[in-house]
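Presented sequentially are two complexes of chain A, the first with chain B as partner and the second with chain C.
This part shows the complex of A and B:
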């Protein structure tokens, strides 16, 4: 084995510090949310208990967290479903050249890089001018789609780039229709990636703040609810809520990665 | 019949995606443009054609300062994101030889991106607050006599928070472009006697430029429209165009907010075009 150079060790230390920078604060609030009843917002930890985690579900402490969680969940699932449909269809189309492909491609990219506050403001103004009240499942849904579809679409392009068209041609030669080819050949092959994309899309939606902020209407999604709490909740209950929702995200990511790995293994056999 | 279907097929397939962006991106931005010329009478907007909103912005010291402050954030955050992302991606791409570990460590860098931005901001409080860990440490070591105030609710905290949130957008593209570099090129350079630094400068950096450009576009546009971090981490002094727009909407001044948004969009586009002028990213896509 090649001897490791000095630069390896220096960069390894740098990398370690970076990971600490990324995760340190997060684990700090995990720890602080496990304090005893007399806990405060800062170190040192005062006691140890699950008191604050329980307090999250007490309405008077942090407001109606459960309802906003449900909203975010439903919205996230809807966004995943529609993002996947939209981007799979577009991904299929983009395997062939067609007029206007470039325009749509740049339109998609621009949706990603337009400052988020503009999307929110724009949709808000449209609803205002049309006289329709904004709502998390109408205007909020649209705002989320502008954020998730580009990601789903770009990953989909990458997947179809590596996709071997021979399988499909074989199916078509044997007389399969377009629909049959898709469901019997293409879909099973891209399924692991779809799970990955679905998960990524879900977390993007579940944690989205800026694009939703001006168009969620009367009822808040979870990130908006938490944002509201930062001004009036000054107990570790805030950290406890943060801990719970972060662990929820972690769990989803872990499940998806496991599913992804299992499915791609199955395909190699 | 089948021929027309073949010709129409791609258009049918892209219709949903086109509709999503027409309805929720193009149309809203056109409306922003239109409303930016409307009148505001103190509590509601009325259709009109007036340049007053723009004149107000360009003649106001406050908005000028806000724009300058936003640029300051953009430059600082961009610089620190790049300064962190390049060594990190370089380490992952060239020093971690085991592919499994490479994937695991890369995922480690990306997982926080999938969690809530708000929570990630809140989690700095126990560190940077007046009674936070940093101040406890500084006081304990007798480096300062009283708690340092500017750690939280300051421009420092805003920049720190944004670097913390957005470095993923720099690491992803740079790591991607580094992974595509043909390792034979590096071996060839080594064989011809190039030093490590020369390889970095002559081989790796030029080939990583498209990744750096894509990352820069992300970071610049994210910071330009940013207002959450500025709200949560910044003090009363911290201002950004995004926060200004959000405040104006809070007081229902839609036309003024729209005019600010148009300027923000124009400035962002100029920055993106500028980056694209310097680096051709098409080979990356």
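This part shows the complex of A and C:
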């Protein structure tokens, strides 16, 4: 084996520090969530137990994790579905040059640049003016869409940019209608990418805080609930919650990757 | 890398013959010609195809030949219905099809790099057109199997396109295009994705299938070899116009313009002024004064004295003689200096330059002949050729 240079080891140490910095805090939280019953919010560990993980599912003094998790889950799934529909349609539309395409493009993207808290404030004010009460599944849903749609749309543009129009022409040549062309040819081919976009938009929605903060109405989404708890809850249940949601995220990624691979494999056979 | 299947056994076995002959009759019976009348295609202010008139006889193999951007692909796509026609008329058989969608034209297109659906198996790809046309399942499966058998892909029917070799993909695409029994098959550079060896082989298969089915094939290509070996008729296009229509041998022997002469290759082209026209039993002999090089007599149809024109001589139709020539004033000869000699195998290619004008000349000779005459680089020589080898170019 070739002898490695000094710079290799220096860079390896640097990379190791980077990884430690990235994942260290997460593992600290994991560890603390496994405190014994007597444990507090800080090290050292006092024993070992799953007590605090169990506590997450109990009613807390100031609210419930379970309900806010359910809200975030439903909201996330709805956001994924609608972001996908909007971005696929927009992506298809933007394959042809149409009048105002540029303006529309920049308007969509600008939502990413405007400070999130202003978006939230704006939506809140509009709802107030219109006299509609804010709620996580109305104004909250809209706030999430302002965040996820631009991302989904940008990725979709890239996907259709690389999509060979000859597939559609071939389908039309063989007598397929526009609808048949989409469902039989375009959709199966972009499906793996749609899973990717779905995963991304779900993540964006699931941990979205600022945009939701002023428009979620009476009931909190999970990130808002957790934030609320940091000021009130002083037990390791908070860490336990962090551990559980992280595991949930990993599970999602695993499912999405499996689906993605299964689909790619089917295309390769 | 190594596909488990070789590209062997594309041929037709005895068992397939009855299925083939039936289909063959059906396809030949409905084969149609294609007619373009003053067809123009504009993209905004850019004119891609200018006022084209073209007759493609039923059952013929026609190649649209030209460099990229000459309008050949646009023309093919207009026939297929994937581009609108700005003005003019397009007929398939006797039917005006200008405004019909692709599927209603009874044409089928084979796309460049095939556009086989990557998520469908060969069988599903071939079936697609029949499914979209609501052919009942039993008939559908019978026709798909028959077609896959004809192109020799029966054992690969369940494979996805990515698991096929280039040649197999090409045949799958052909099966997919033919299964709907089109009157005209349109092929967009069908061989460009194949490597050189396979291309020559597949070329032969295409020609064989076309003859066997007696179908009208219209193919776009930028390779003259391909066009020469496949076509009954070649349409040479340049800049959105048709420069020449003719049988391969005619285009090769008597190019109609400087562009065609250059594109067909291996021509030495001269520009000059017509100084006389004489008629004989074979047509016209035109005298062309080429400044600084000499006086050339060439064959043409007609010319006006005094007009600017040109002529061409194939680089393999010239004879090399020692310098100085026996008769310095004789027509159809020129003096040039050898600048390079390349041995390319069967042929030796000699580059020369006419010193007075700087024009470069190419002379090709069988290597076995060159051995006898071998003149070194840097030497002045005389090149000469017969009147019948010199073609008049009016533009």
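Here, the second predicted complex is superposed on the first by the 254 of 269 C-alpha atoms of A that agree within 3 Å, B and C clash if a C-alpha of one lies under 4 Å from a C-alpha of the other, contacts with A are read in each partner's own complex, and residues count from 1 in each chain.
Note that contacts are C-beta pairs under 8 Å (C-beta built on N, C-alpha and C of every residue); 3 or more make two chains touch, one makes a residue touch a chain.
The model shown is predicted, which means the values in this text are computed figures rather than measured ones.
Participant: Once the two structures are overlaid on chain A, check if chain B and chain C clash or fit side by side.
Facilitator: The answer is fit.
Participant: I want to verify the contact counts: of chain B and chain C, which reaches more residues of chain A?
Facilitator: B
Participant: Which holds for A:110: it touches chain B only (first), chain C only (second), both, or neither?
Facilitator: So A:110 only meets chain B here.
Participant: Counting only touches as set out at the top, which of chain B and chain C does A:212 meet: first, second, both, neither?
Facilitator: Neither partner.
Participant: Touching A:193 in the superposition: chain B (first), chain C (second), both, neither?
Facilitator: After superposition on chain A, A:193 lies in contact with neither partner.
Participant: Which holds for A:72: it touches chain B only (first), chain C only (second), both, or neither?
Facilitator: After superposing on A, A:72 lies clear of both chain B and chain C.
Participant: Contacts for A:201 in the overlay, against chain B (first) and chain C (second): which applies, first, second, both or neither?
Facilitator: Neither: A:201 stays clear of chain B and chain C.
Participant: One more residue to check, A:230. First (chain B), second (chain C), both or neither?
Facilitator: first
Participant: With both complexes superposed on chain A, which partner does A:22 reach: first (chain B), second (chain C), both or neither?
Facilitator: Only chain B; A:22 stays clear of chain C.
Participant: Mind working out whether A:143 is in touch with chain B, chain C, both or neither, as first, second, both or neither?
Facilitator: It touches chain B, and chain C stays clear.
Participant: In the superposed arrangement, does A:55 touch chain B (first), chain C (second), both or neither?
Facilitator: neither
Participant: Check the superposed model and tell me the shortest C-alpha distance between chain B and chain C, rounded to whole Å.
Facilitator: It comes out at 10 Å between the closest C-alpha atoms.
Participant: Please output the residues of chain C touching chain A within their complex, sorted ascending.
Facilitator: 80-82, 101-103, 108-109, 111-113, 115, 117-119, 121, 128-129, 132-133, 159-160, 162-163, 176, 180
Participant: Quick one: which bits of chain B touch chain A in the complex? Just the residue numbers, please.
Facilitator: These residues of chain B touch chain A: 9-11, 13-14, 16-18, 20-21, 23-29, 31-32, 35, 84, 87-88, 90-92, 95, 105, 107-109, 111-112, 114-120, 122-127, 129, 131-133, 136, 164, 196, 217-218, 221-222, 224-228, 232, 242, 245-246, 249, 254, 257-258, 261, 264-265, 268, 272.
Participant: Going by the contact rule at the top, pick out the chain A residues touching chain C in the complex.
Facilitator: For this pair, the touching residues of chain A are 164, 166-167, 169-177, 180, 184-185, 188-189, 266-269.
Participant: Considering only the defined contacts, which chain A positions touch chain B in the complex?
Facilitator: Those residues of chain A that touch chain B are 5, 7-8, 11-12, 14-15, 18-19, 21-26, 28-29, 32, 41-43, 85-87, 89-90, 92-94, 96, 98, 100-101, 104, 107-108, 110-119, 121-126, 128-129, 142-143, 145-146, 149, 153, 178, 200, 203-204, 206-207, 209-210, 213-214, 222-223, 226-227, 230, 238-239, 242, 245-246, 249-250, 252-253, 257.
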